[in-house]
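Next come two complexes, and both contain subunit A; in the first it sits with subunit B, in the second with subunit C.
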Partner chain A sequence: MTDQSTNSVAFVADGNIPQSPPPARETGAIKWVRANLFSSWMNGILTVAALLIIYKLLSDALPWIWNGVWTTSSLSECREVLQGKTGACFSVLSERWNQLLFGFKYPTDQYWRPTLAFVLLFVAAAPVLFFDLPRKLLAFTALYPFLAFWLIWGGTILAPIVALLGVAAAAYVFQTYGKASFAIGFFGAIAAAFAVWIIGGKLIPDGASDNALLQAVPSRDLGGFMLNMMLGVTCVSLSVPLGIALALGRQSNMPLIKWICVIFIEFVRGVPLITLLFVASVMLSYFFPPDSTVDLFLRVVIMITMFSAAYIAEVIRGGLAALPKGQYEAADSLGLDYAQAMRLIILPQALKISIPGIVNVAVGLFKDTTLVSVISMFDLVGMIRGPILASTEWSGVYWELLGAAAVLFFIVCYGISQYSQWLERRLATDHR
Partner chain B sequence: MSELAIEREIDRSKMSISDEVAIQITGMNKWYGQFHVLRDINLTVNRGERIVIAGPSGSGKSTMIRCLNALEEHQEGQIIVDGTELTSDLKNIDKIRSEVGMCFQHFNLFPHLTILENCTLAPIWVRKTPKKEAEELAMHFLEKVKIPDQAHKYPGMLSGGQQQRVAIARSLCMKPRIMLFDEPTSALDPEMIKEVLDTMIELAEEGMTMLCVTHEMGFARQVANRVIFMADGQIVEQNEPEEFFNNPKSERTQQFLSQILGH
Partner chain C sequence: MKKSVFFGAMTVAGLAAGAAAAATLDDVKSRGKLNCGVSTGLTGFSAPDANGEWQGFDVAVCRAVAAAVLGDASAVEFVPTTGKTRFTALASGEIDMLARNTTWTFSRDVDLKFDFVGVNYYDGQGFMVPKELGVTSAKELDGATVCIQTGTTTELNLADFFRVNNISYEPVPIETNAEAQQQYLAGSCDVYTTDASGLAATRATFDAPDAHVLLPEIISKEPLGPLVRHGDNGWGDVVRWTMNALVAAEELGITSANLAEMAAGTNNPEINRLLGSEGTLGEMLGLDADFGAKAIAAGGNYGEVFAKNIGEDTPIGLARGLNALWTEGGLQYAPPFR
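Entry: the complex of A and B
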């Protein structure tokens, strides 16, 4: 210590102070334990109590899992094998595994179809999720919905082809007329798609699905975790674009568009999802032409998509509001039009801010797909509550079944969460 | 008074003003609700003119130049920019905006794009320039503002002065015929003001038509060929810089000048 602390104001450092290592008690494992586990009496007591609780939980759960029986064919046989010891009866999982995954009506010899669709899902999702991959892979992503539809439902290949042609016609019309006027392009595209679908639907002969390459499977035969995955993937991928459109519409200068979006969002957010699902299963048929039989799966997809789109719209509105006004002004002053400014400047930043919120809604949506079990669709939870627990062999195997359901959902939801964190790090360019 | 820019010798002979009119404002009025922000603004700017707009804060300087590329709407009067009248027609607005460059107080670079992408974005999407050509153009202007080596960094990694120079380069990539500056140095540390002013002086020497809202009176004295003083939403006085600073006519101007030059 030099005499800086004395009364003299003038001071000149007489050289650089060299670096020295920190004191020994400030490093290593002991320091960590002292700082984090036993920094005070209270903290020490809490640490010991927590350790005791963890020990108690594990000492009960581990033997239960470890002694688990995997090979019997009913709960009573499990009990015979265990002879009063603690142990899980995992046999229900190994015996009913296919039912848990695919439901109890999907034709057994066709399980490879949804499995293949599931594997291809990763190929299709990869270029969307990891945008460093070559852009050409997006062609497969565009084809995937039609391919997956054909694989899972089977029947005539003409149906997905007509659907694809309708979308292609819409895209063509929008490309051609959308430049001159967005409204003409947009509504023209919708009209073109419906025209192709209606004409194409009439052209497909009635018995086309009877001897098709892939046996036709009706929607009511879908079930198990496959149904949750299908609903989750479809609804998330539809509700993000719809949510973006609603969020932008809510900011619009045009009162009509603005109010349609506001009323839609506020109405849907004010109604419980389960109500919407009952509407889908019972009442939605009133809104369609009397002779049309709109598939229950499609009706549920529409309802869940509307529901989560309203939430995503509000999340994205938060992201839009967080952007400084200068970003809009800079985009405007460079001469970008509305669509370019949104697509290139505003949305990339607003969506980046909204990632945690969107993922939150997506994870919630995925878990909410289990609600379809109340409108007698046999998803994973519907399968467990219905056919499996009601059977004479497995009545009463709650922990094992619901635990397995929890693990399946956890894997997917944790995966989504990890992806979103990676994405946030990948997109962090502001270096603030 | 800030003398930062004055250290440079300026060749005024190159800065010729043509008779062609670049901007013509006639009887412009603007209100925010009941508040009359701009009152009967009349201004003609010839091609090659460099105009500095000064005045106390809240006097409507920024609002006025933001009306010129329709970032703000005017309610009365006529604005003709580069031969095109500013109306509510979106096509006209986009055309004018692509001919008029603008630099903001807070730079407003796009933080999710690299410096190079910031510069090539508008040429590629508005001018439909091929990507390679746009990149060459961007590098040319980045060299001009002396930061070509930062091209692949993100705006957040640059200092304020560098960001403002990128913002100038970004505007120049659109090959604008008119440049608007809205307090370009107000958000900068004193040591960074000079590098931005130097860039602007260079631009002026090349004959760019410039309208600049600034408090840098040194810059005004040296570069401007007209200084406009605004107060309470109207143009109070305009004159050549020498006259304006040495012999201000109105009391309001004298008061303003004594406040900012007094220390």
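Entry: the complex of A and C
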């Protein structure tokens, strides 16, 4: 057999051909470039054009950043140091960073307080945002608003304690009576909270803030990016529950509730935010006696919350409308009452659908907080537009300041967007 | 329920506003702080420095009034206002006085119900153009795009000027001086127009100030001064005579350097009356006898305040011009302290 085969066949491979590398043009970086950048003439031209544009941008921007001056004390000194070369004057950031972050009136030796509140924000937000974490952490989340209030505004610790007691009393009343009748529980809770606040407010002695552990800082002294963060976080966290309530109210069968919600939503959505802010800052002060106005920060929070709650309500209504009618009927057929059906079946699905929309509103809201600069509150943009650009040292520094503001906002907004995408993946139960 | 709260608040507000209108001086004294409205930022006139301390020419007026009334130049709560919020802030009682380079006009005085207590800076509206445009007179600006701050008298003056000269322009509305500067440098408009003092201050911060010229035409009168609400003449007098004290001090040669010496008593009775060692002028205003001395101690006399904040040795470099004393050919003239 072996003999025959060797003789009758001209060539037999007696082993595998050694593996040779693929042709150079079909491998590695070259293949990737050919496939992705130069797959056709048209794409090739576009690639070259894009590279030219990128080169142009970077060749202008990078020297500007690298030559940046960080240590001078005014714009004219920057110009002297640079001697006509391209270069940024980042000194404004190193000199005024505290004003950009905290505003120009927050006491310098107290910066640790808002910083600590900011760090604790992550601890407080974690169990809400990542629900795999132990549920016990929620206790800290519940305490956080009062803690943060005390840290940022300072003054007597009795004020946040009374506020906390009021909320606790409301929760207790609702727990006790809410099971029997929702309405009694709900209104009883509100009454209990106000009773505690009013009585507690009377009990706090005048001048309790004067020698408090933390020096009291009035709202007017808050500013900078801290103000944007405070407005953003407060308004988003208040407007989501309010938006859910409005969306459910709009679907209600009870005409009064339905029409209140419809009118509220349509009215607020029909008015520009800036108008609401002007009302908050200018008009409301006509309605209050000169010495006992409602705090400007609180007025602005109320207006922005109303505004974003109306939008979030419509987003959530979209989620509710997207649920098949069978889900509602299934809940009814199980014998669940309204609250149970909403809590266990309808809202979990509707909110999941609404996540991109809610995040969209939240990101927009966070950026809209810069509008408060037009009612002369010194948020990040207000600080830049007003005091810093009006100072004799830094008049004329635009790119550096507004670039820094853009970076700060981008970090936060991109973070929110990434979180929402994670949340969507985490909640995905379908088979796509 | 909401409605009744609303009406309740309105009623309370009405009652309180009636009460508050009467005695701003007492309110300020019992509060221990003067609420003074200033600009959110105008180079040389009012801006907080790196330490958050308000500085500037308008700010100095607030400090002088606080010193005269409360004896402490730092007892001021500065309330930043924009061109749009300034008048409502004053009318609603949020601030006691407004020192925000505000032009004294008929309608603001009469129709908006304010009292201008004097003029701390005589200004006029001018034009700045890039030199390369080759324009030498504002009358050559036919068809130009003009950067202009909204809500100010400059906007109206500009329309008047172009109408009178029968030429056309295209306005580019902007909000703040800083924004205007940027728009102008970026070439969004050919011309920037605002008060001449503001133009000089703006030009001083440019990379190449020589590349821009101020046109010779001054097209308006802009008497800038502090103002208070109508109807409380006692408080108006306090602010008016505090300002007059600063001007009179310059005229009489009282400076922050020789103030202590002069306050002890001189042989010039007018100085003695102004500084309180003679007469009862302070008492007539409801203030301490030495209110004038305290106001001058806050930042010096009018000339010193001018030199420190906007004078020729500062980056802004404004000459006294119309704001020199009347004895030196200017318009600053204080009625006699008698």
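Basically, the second predicted complex is superposed on the first by the 383 of 432 C-alpha atoms of A that agree within 3 Å, B and C clash if a C-alpha of one lies under 4 Å from a C-alpha of the other, contacts with A are read in each partner's own complex, and residues count from 1 in each chain.
Simple rule for what comes next: a residue touches a chain if its C-beta (ideal position, glycine included) is under 8 Å from a C-beta of that chain, and two chains touch if they have at least 3 such contacts.
The structure presented is a predicted model; accordingly, all values stated were derived computationally and were not measured.
When both complexes are overlaid on subunit A, subunit B and subunit C end up sitting side by side without clashing.
By the touch criterion defined above, A:P348 reaches subunit B but does not reach subunit C. Shared-chain residue A:L427: touches subunit B; no touch with subunit C. In the superposed model, A:K105 makes contact with subunit C only, not with subunit B.
Taking subunit A as the reference chain, the count of touched residues is higher for C when subunit B and subunit C are set side by side. Once chain A of one complex is fitted onto chain A of the other, the partner contacts of A:E266 are absent, as it touches neither subunit B nor subunit C.
Once chain A of one complex is fitted onto chain A of the other, the partner contacts of A:S333 are limited to subunit B, with no touch recorded for subunit C.
In the superposition on chain A, contact of A:T392 is made with subunit C only, not with subunit B.
Taking every C-alpha of subunit B against every C-alpha of subunit C after the fit on chain A, the minimum distance is 30 Å.
Counting contacts as defined above, no subunit A residue meets subunit B in one complex and subunit C in the other.
Subunit B meets subunit A in the complex at residues 69-71, 90, 94-95, 97-98, 100-102, 104, 106, 108-112, 121-122, 125-126, 154-157, 170-171, 174. Residues 6, 9-10, 12-13, 15-17, 20, 27, 31, 39-44, 46-52, 77, 79-82, 84-85, 88-89, 92-94, 175-179, 181-182, 185, 201-202, 205-207, 314-316 of subunit C are the ones that touch subunit A when the two sit in their complex. Contacts from subunit A toward subunit C in the complex involve residues 75-76, 79, 95-96, 99, 104-105, 108, 220, 281-282, 285-291, 293, 374-376, 378, 382, 385-393, 395-396, 398. Those residues of subunit A that touch subunit B in the shared complex are 324, 326-327, 329-337, 340, 344-345, 348-349, 352, 427, 429-432.
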